[in-house]
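These are the structures, in structure tokens.
Shared between the two complexes below is subunit A, which has subunit B as its partner in the first and subunit C in the second.
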Partner chain A sequence: MTTPLMTVEDLSISFKIEDRWCRAVNGISFDILPNETLCIVGESGCGKSITAMSLMKLLPDTAQLGGKITFDGQDILSMKEKELEGIRGSRIAMIFQEPMTSLNPVLTVGEQIAEPLVLHKGMTWSDARREARNLLDLVRIPDAEQRLGQYPHELSGGMRQRVMIAIGLACRPEILIADEPTTALDVTIQAQVLALLDDIRKEQGLSIVMITHDLGVVANVADRVAVMYAGDLVETAPVADLFTAPSHPYTQALLKTVPRADEAFELLPIEGQVPPIQLMPEGCRFAPRCLEAHDACEVAPELSPGPHAVRCWAREERV
Partner chain B sequence: MTLADTNTPQRTRTASLLRLARKNKLSAFGLLMFTLIVLASIFAPFISPHDPLDQNILDRLQDRSAEYILGTDTFGRDTFTRILYGLRVSLMIGLTSTFLAMVLGCSLGIIAGYRGGWVDSLIMRVMDMLLAFPTLITGLFIVAVLGANFVNIVLAITVTILPKFARVARAPTIALKEREFVEAARALGYSDIRIMAVHIAPNILGEVVVLASLWAAYAIRIEAYLSFIGLGVAPPTPTLGTMIRDGFNHILDAPFVSIYPGFAVLLVVLSLNLVGDGLRDAIDPKLRD
Partner chain C sequence: MIGFITKRLLSTIPTLFGVLVIVFVMIRVAPGDPALAILGDNASQEALDAFRDRMGLNDSMLVQFGRFLSDLAQGSLGTSMVSGKPVVTSVMEVLPYTLELALGAIFFGIIIGLPLGIISALWRNGWLDYFLRVVSLLGLSFPAFLTAILLILWLSIEWRIFPVISSPTGGPIDRIYNLILPALSLGVIMVAYIMRTARSAMLDVLGEDYIRTARAKGAPGRRLILHHALRNALIPIVTVVGLYFGLLIGNAVLTEIIFNRPGLGKLIVLSLNQRDYTTLQGLMVISAFLIVIVNLLTDICYALVDPRVKLK
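Moving on to the complex of A and B:
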């Protein structure tokens, strides 16, 4: 078994709401392996984005963090701000959902790609600019030389997301976190950007953590998938296993909400809603909406061991 | 899209500036006037045949003539020459203090807006305290306590207009720090100082420059006030304010001694205000056609 690049153990993130600490992320654990694409899937508000942010400890001061995130033998969560600044953008990079607003409108594309190189790699601006040109080639932006002098508003959405990727890749990070990188793009551009990310992962040998709510994206690019529901990690599996043998009732229900082209079948929405964070049930957080819920579900189940892990009492019994 | 649009941003920027100048003739005129005034004060020795400090007591309080274009003052010094040299001092004081106030005020405003919390409260309450005093009183107080010389006058004017810049910088900073690119900058490992200086400051520069041009006019007026009540740069160095004050004693028999330097103040302030108005129209999209 390969040694993981990053290990997340029992990560919990709480926010104070009306004088009470509410756990938005409820003790989740997973590994990031070298040169893989790990997709974290879940609906809005399930905690996937703040999980991604916490991998670089990028959360506001109001958040209370618990657990351990080990990267290169060090615990990210106990690092000082100065140490974190040395890792962010240089060894772990992140790209965001909105390419329209993630670039600084008053700085040129070239300046924005060159800046992390100057800061983290100590390059001169002229060297960094030359490297920026190579990076634009890497993310397949034509007329790289000319693009360097342009401002973000002169580029299309897809172009801007490519520029974001170039900035993220500038310092050759080991992990690239992509927070819904294609949500704001239309479908054809989405496919291009996903293919690009996958090619770059193979070429550069980096690991990608992709946050998404789109199971189509997951099927396209993931090696492994982690499914989150209401702050819990409910199932993690290699991508093929997840689609052929989904084990958690939530994953099963989720897959039934995706339209398919090959057979006629009825879309089944998941009944009910995610409970608000202040009113989370004590036991299994999915129990109120689960068709298979029974008495045991009043106590929260543990994540089962193994590569295909499930957090559900029903599965425990079956194994 | 035409070919011109895909050109380098420099070229399109010059083009849009030209278009703007054509649309806003008044501001273009203001800019031209201000440029001429600055040039005239820089090249004063070449323009005027007289020395600003040369006293010629026999020719005192003369009206306009071929020799003395704008007449002479109490000591027979050439008013036109003294206005040119006085402009140097007035512009230097006005522009230096505006620049200092802009840099310091914006830094404080950005820090207050970006940090929030008690830092914000502390900085902005101090700014409010400074704003609570009428501008002239604050300036007067500083000069009266520290003494009237070039540095103290610049300091006094800087302190009086600094809070206004802090306020103008703080508001957009609060909006900007919630934007995703600031988050992205943090994800790239940029320090807070770097984010403020490299990523937020350029975004608010436009609004700040507009204000700077308007406040520069104000700073020049404050300098004239202070000089007029005797708290300006020590004589015999000419500044516009001291010249108006010198002529004030003879306002009935020789009004032109005060009127001409007063007119110079008017021209400088007017030109800067025209430029400022034009810049504001150019930047404010609501006023754009």
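Moving on to the complex of A and C:
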């Protein structure tokens, strides 16, 4: 078995709401393997974005973090800010959902791409700028030389996201975290950006953690999938297994919300809403919306072991 | 750029004309008679009549205004009713003093207000932030003359660091030394404004997505604040500096009187007391023009700070 690049154990993230600590992420564990794309899927508000941010400890001080994130033998969560600065952008990089607002409007594209190289590789600005030009070629931006001197507002949305990717890849990180990188883009551009990420992953052998709510994206790029619901990791499986044999009632329901072209298919929305974090139910957090819920669900089930892991009593009975 | 400046200067002509009309009418509607004010209560009726006749005060207001405009079109602001000196000359004599005072005040405003605003934003809602916010509120509410008197009492009389009467004479060093106290007292209000603006601008900017991006790149705290955040926060700060320049010229009147410095402010008060219509008109035209220029410079600064702004 391959050694994981990063191991997340029992990660919990709490925020203080009206003087009470509420767990937005409820003790989740998963591995990131070398050269794979791991997709974390879930509805809005299920805690996937803050999970992604916590992998680099980017959350604000108001968040209370628990558990352990091991990367290269060290626990990210107990690192000092100085040590984290050394890892961020150099060994773990992140790209964000909104390419419009994620780039600094008053700095040139060239400077923004060159910055991590200067910070981490000790390059001079002129060397870093030359390297930035190569990175623009890598993310397939034409007229790289001219683009370097431009500002973000002079680029289209798709271009900006490519620039974000170039920034992320600048120091050849081992892990690239992509938080809904295509949500803000047109469908055609989405496909291009996803294909680009996949190509780069294969070329450079890095691992990608892709946060998304879009199962279409998952089907396209994922090697493994982790499904999150209301701060819990409810199912994790290799992508083929998840689509052919979804085991958690939430995953099953989620798959029914995706339109399919190949057969007459009725779209079934999931009834109800994700509860707000200060009103999380005891026991299984999905139980109130689950069609298969029964008495046992008043106690939270554990995630089953194995590559296709499920957190559901029903599954335990079936096995 | 040159096209932009020309266009902007031309577009200010209607504004300046409006200012001219208002100033011209207001001076003449206000009570008081220049002939009496200048020649004194004991002047004979003949002398008063002769003076009014010579100054054209007996003509209708429209004729007077027409004369003023035609002078202006020839680039002249007329001559002082009191001294007979060309208005332009007497204004240009004192303008540098007011300008150096205003620039000094802005200088203090920036070097004190900007760092304090940043500190306040970084320690948001901490005791330092509360303390600085109260101090800046005091700075805003203190009348300029009171600040000036307190500074004189404290720094000039008690500690004898600066002169009480800061006449701007001597070499450049002396001149700067003499400027410090008046500029500081005029700058207090600027410090407060810039601090408050810098604080709120920094708080806005620090919450932006691109700051998170910069953190994700591993940019250390100092670089995050001074390079990524401050560049963006400068935009509203430039606005405040430009906007309050006019206020500074107004406040400079009191500062100049208290420190007994020559300047536009003192000249305005003097001409007002003497009902020197021509000098007053000239002063207003030049002050209004000054503010137009400052606004223009502010716009040019925007383009320097923010690449999204295009000067057209």
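By definition in this document, the second predicted complex is superposed on the first by the 319 of 319 C-alpha atoms of A that agree within 3 Å, B and C clash if a C-alpha of one lies under 4 Å from a C-alpha of the other, contacts with A are read in each partner's own complex, and residues count from 1 in each chain.
Just so it is clear, contacts are C-beta pairs under 8 Å (C-beta built on N, C-alpha and C of every residue); 3 or more make two chains touch, one makes a residue touch a chain.
All of these numbers come straight from a predicted model, not from anything done at the bench.
The superposed arrangement places subunit B and subunit C in clashing positions on subunit A. Of the two partner chains, both subunit B and subunit C are touched by A:L119.
Contact with neither subunit B nor subunit C is seen for A:P301 once the two complexes are overlaid on the shared chain. In the superposition on chain A, A:G47 makes contact with neither subunit B nor subunit C. Of the two partner chains, both subunit B and subunit C are touched by A:F96. In the superposition on chain A, A:H153 contacts subunit C only, with no contact to subunit B. The contact surfaces that subunit B and subunit C form on subunit A in the two complexes overlap at residues 56, 58, 84-90, 93-94, 96, 98, 101-108, 115-116, 119-120, 151, 164, 167. For subunit A in complex with subunit B, the residues that touch the partner chain are 56, 58, 84-90, 93-94, 96-98, 101-108, 115-116, 119-120, 146, 149-151, 154, 164, 167. For subunit C in complex with subunit A, the touching residues are 208-210, 212-221, 223, 228, 231-232, 305-308. Those residues of subunit A whose C-beta lies close enough to touch subunit C in the complex are 56, 58, 81-82, 84-90, 93-94, 96, 98, 101-108, 115-116, 119-120, 151, 153, 164, 167.
Taken together, the subunit B residues at the contact with subunit A in this complex read 6, 8-9, 179-181, 183-191, 194, 198-199, 202-203, 205.
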